[in-house]
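In the two assemblies presented below, subunit A is common to both, partnered first by subunit B and then by subunit C.
Up next, the complex of A and B:
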């Protein structure tokens, strides 16, 4: 260990290090002082199986941000989006979200993550206190559970329980009218599939008590072959079938069930059918599948909604998805809240956003509201209709009644111990 | 420093007790220096990004190095090592959420859970060799992953453990403070690496190398191969579990992805990247992979292509990990100087 000259850090490099340190320390302040733009961070899924949905989220956000910037930005500051891929992994979503805030200096977050990723980003928002809007997670507990509640996080995605209430009451009405008593279910085998199906069945039975579930199938998520599921359902001979398969799973299921002429033998209720990602991909879309609306430009049947869908298609060459409207709504709400607070500060925006009602192409009555008590979106267009094989795919949509939805939601919250 | 060096020493039968002792002191000294450097980092920079990076390095580094105890030292290529990473994260998160005990107690409890599970799984797996071992470990990993997914009432299913993991202060350490969490992770990393180093350099560590090179000979010498393999399997699981706990602390949650096979895959990839013949190879691999991942995802969503090319470069170009390459280069130069 004896050496004449210990090779430590030289004076010059010490100075350089100190200089670099000072620069790093000062950088955020300098940047903030000069800030004309406001950076908005957005972790989303841009690779892997659901990349298409992540991309459609990004597209919708950029479409709206352009409009906001053209109108002067957030309290005079232009929005600069910083969008990064989380690969759909929660630990990556958390890392990216932290990096966006801590390193890139983003002052607001749009969390366009699904499922577990949204909960991971939620913890980051809790930790850092940064303003955050969840745009894609439909899991009810994210906002309904008081344990999850933080003052700086909101959600513009539809909520699972709303879908179940509307879907259940719509199906019950048809079940009564057509005498459909024997039902089968076929949903993907993970939390979303299990929970959504259970809630749907609860509300179906509530409105039509003599309904009976005679067969349940739980294909794996991303299962390529549905033959055994289709034959199992056919053998059970139900009068109606419920499914919350989505995306590629739903389209392969329909293509394969078509071979067995399943759709002629029972009424089919597929909540995720009326989304362009499914409607445009199925080879022979059967007539008369009942579906909840995800995003279609013909419902709500207003010129604003049609114009929005067309503008999106003109810019990106494809129709928007369910995730698109949810993300667009986030930007619309931020812009409106910032106008109301006359500030681009996250805390003030959060305060102004509570209970904020804005005009929206996606609203059931032309408006949507960010409910103050639990920070989740209500009043969005939600309804069910039946398919036809060509555009507009779902010509008649029967609107869900928000008064009933809110009453039953409050009851559901109580039963879960949330309220 | 490296295993190859140490093996050379062993082959000349010169590893005296005093030599082993002085090496141990040197290891402790290096560990102390490393910890001091890491701990003083926050004074040099205010970059939270860097601190986050080191915390993640601690989690993955412990995981990958413990995997190397199996792959590199014992010749047990486990494809399911990620299950213990996930088990650590879930065990810790659940104990904290359900019982409200202090953090050190939860830590020990999680290690005990891992000990039991790893002993049971190990007892079945280590009877097998090569591809059979690899696939049975993979099967157990998928079993644990499926259990996490379907046991919704306990684990929250595919949404993960929600609501945050409480971080009550203990002994003046408050892990909800970013700086404290950082120092805590660094300490775990350094202690973990030091312990694993001691295992690798102990007589038991050399027994493992012998089993790797010729298990039949080892058993003829009188070594209980099964017991040695089971012991290292359980020890490696414990260190992986600590990695999982650090990750759970970092994200304040636990998610089924932590127990998925892709985590095991990343562990194997890190070992390929860093090299398996030197002790610090996996640590270097971890740093490399995380830097690659973080920089590439900043610029493109086609990170898969970039990472794929890097793997190809290492697998076909170098044909070994970075530290292996560096060590061989160094050894060649030294030999040339001597010769």
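Up next, the complex of A and C:
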């Protein structure tokens, strides 16, 4: 480099260099472009406290996209994923989604947002008419409410009301067998925690009418200390406890409740326990916590599911999450629908996806179905079981019965005025 | 509101013991963080907005040391000592440059380091939450005192925090170093003129404050989940404590922290939907009636 003292020029070139550098860094993470590619946009949460889930969504999508591309892509066009961070903020999710379509030319959207962002992205899909598949939002009304319904949007996530029906009937059976009448609840104080707990209690009481809720706790989301909640529950002396705390909140709660020996004094039902993110972190996992399945490679107990979980682990060094299977399913469905329609066009894929039944490692009977009437996934593996502190973590999962689920769901829809 | 539950609890010794210890635990951990904050403010006159990061470092250091050595005592020591070193470096290299600068400037430097420290933790330990796990020695049945439940680990925790409070209080009041620190807080120019190295005192006080927060983090590590950014909510509560107790007062920090702990533990019984609110309400009442805090010096 020439050492000349000409600050004006050198500053200008430095600035130019910095500008170029910034532009390179600011460029989105784009898989290598190829001819005739089809761009698929994906807003998700890649920073902040739930970044782990967003990353696991991206991992699962990339794992499946590789397979689809190796098999020839969507009607001959290779998929190119454009994945952006929404930071978990709804307004950012909506902005990113719009930009992905309008500026980056994405023809399909995978909305890997939590419920807060999913409703915002849904409005973008309504406005732009772009094909959109929600992969992580479990809030039932997203597809159940006819006001939300648009022909171009689908959902591959599990649904809150399905979980509550299965969880409620599972708990009621145990409550009846063991005579558990006095229940306490402890869930995070925000929409998900409140809605899920209310639905769960509704179905628990429906199947076991003499159950009584004697204590409720609503700790704040991401609260560091739960001691006062733990001791409050101990005071109330319930026979059973329900919680939909999740992730780091759940593991904190377990550590703190453990030293009060809470788990020896009541049956605990924690819907989000059986997720690898929580199972692998808790050091002293008490035996016998009841949990719903999130993603676990041993349920459904099929070679396909185990192979999928292992392939994911081999590639990314950790086990998949609940969000992983939901996102992988989206790609599987898009690929299958595109094959059926023999097109990569969003409208044709949407048409072909209605009522589409595909083979899936995550299906209760080896298949999952995209229900035609409300564009949401049914037939996925759903069940409850008790946890043990080492692999396979949930040795026996009691499967939910899809016939019952669908009947009660239809009834629930009626009661909400959705059907 | 559930006043029956609250009065019922106050009438039963079992409930009283359980809820009081639960309040003490929350209060004591909070005290360790808040006292560092108040000490640094008292002597250095800066509001260390990045104090929560020291709590986070303490927890992560303790977890790593525990995983490497399996020794709980060593884990506590590493949590406290490691954080002290970071505190010292942070003060000497960065904070010492903004003494006397605009409050906004100090705040910005601290806030920048909140983000930097969070990302450093994310780079070293990863973004996912971690758990240290309870050492086998404390995995025992809780004690039953007058019918109330008290986990042995929490007795240790309360003991350590009380000892820290006592040593700190006596150290500042009775020892020569304590006198010098108090003098430096009162009139740094004069202390410097007497040939005492104020830079050393400032660095030492900052390290001490960091060490206490690190100790709190290390003590909390077995029972709280570790994540980047875990210091933030603790920091907010510590600020409430110092506002209630009075900025710069150690006794104030102790009383303020215990009050917050007890408000949380008994408030969650009587006002399950308003426990957070109670805390802030109490702060408002203190601010209105005694703007400088319960034990703060009246502003002249």
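The criterion applied here is as follows: the second predicted complex is superposed on the first by the 384 of 419 C-alpha atoms of A that agree within 3 Å, B and C clash if a C-alpha of one lies under 4 Å from a C-alpha of the other, contacts with A are read in each partner's own complex, and residues count from 1 in each chain.
FYI, contacts are C-beta pairs under 8 Å (C-beta built on N, C-alpha and C of every residue); 3 or more make two chains touch, one makes a residue touch a chain.
Since we're looking at a predicted model, the values are computed, not measured.
**Q** After superposition on the shared chain, which partner residues are touched by A:258: those of subunit B (first), subunit C (second), both, or neither?
**A** Second partner only.
**Q** Could you say whether A:127 touches subunit B, subunit C, both of them, or neither, answering first, second, both or neither?
**A** Only subunit B; A:127 stays clear of subunit C.
**Q** For A:52, using the defined touch cut-off, is the partner it touches subunit B, subunit C, both, or neither? Pick first, second, both or neither.
**A** second
**Q** With the two structures laid over each other on chain A, which partner does A:337 touch: subunit B (first), subunit C (second), both, or neither?
**A** A:337 sits against neither subunit B nor subunit C.
**Q** So in the superposed three-chain picture, is A:284 touching just subunit B, just subunit C, both, or none of them (first/second/both/neither)?
**A** second
**Q** If we overlay the two complexes on their shared chain A, which of subunit B and subunit C does A:217 touch? Say first, second, both or neither.
**A** A:217 contacts subunit C only, not subunit B.
**Q** Across the two complexes, what residues of subunit A are contacted by subunit B and by subunit C?
**A** Dual-contact residues (subunit A): 51.
**Q** Which residues of subunit B touch subunit A in the complex?
**A** Touching subunit A: residues 44-49, 52, 56, 149, 152, 156-160, 162-164, 176, 247, 250-253, 255-258, 294, 297-298, 301-304 of subunit B.
**Q** Touching residues of subunit C toward subunit A in the complex: what are they?
**A** Within the complex, subunit C touches subunit A at residues 5, 9, 14-15, 18-19, 22-23, 25-26, 29, 127-134, 138-139, 141-142, 149, 151, 153-154, 220, 222-225, 227, 229-230, 233-234, 264-265, 267-269, 272-273, 275-276.
**Q** Across the complex, what residues on subunit A touch subunit B?
**A** Interface residues on the subunit A side: 17, 21, 24-25, 46-47, 51, 84-85, 87, 89-92, 94-96, 98-99, 102-103, 115-116, 119-120, 123, 126-127, 139, 141, 145, 147-148, 190-192, 194.
**Q** Mind pulling up the subunit A residues that touch subunit C in the complex?
**A** 49, 51-52, 55, 216-218, 220, 222-225, 227-232, 234-235, 247-249, 251-252, 255-256, 258-261, 277, 281-284
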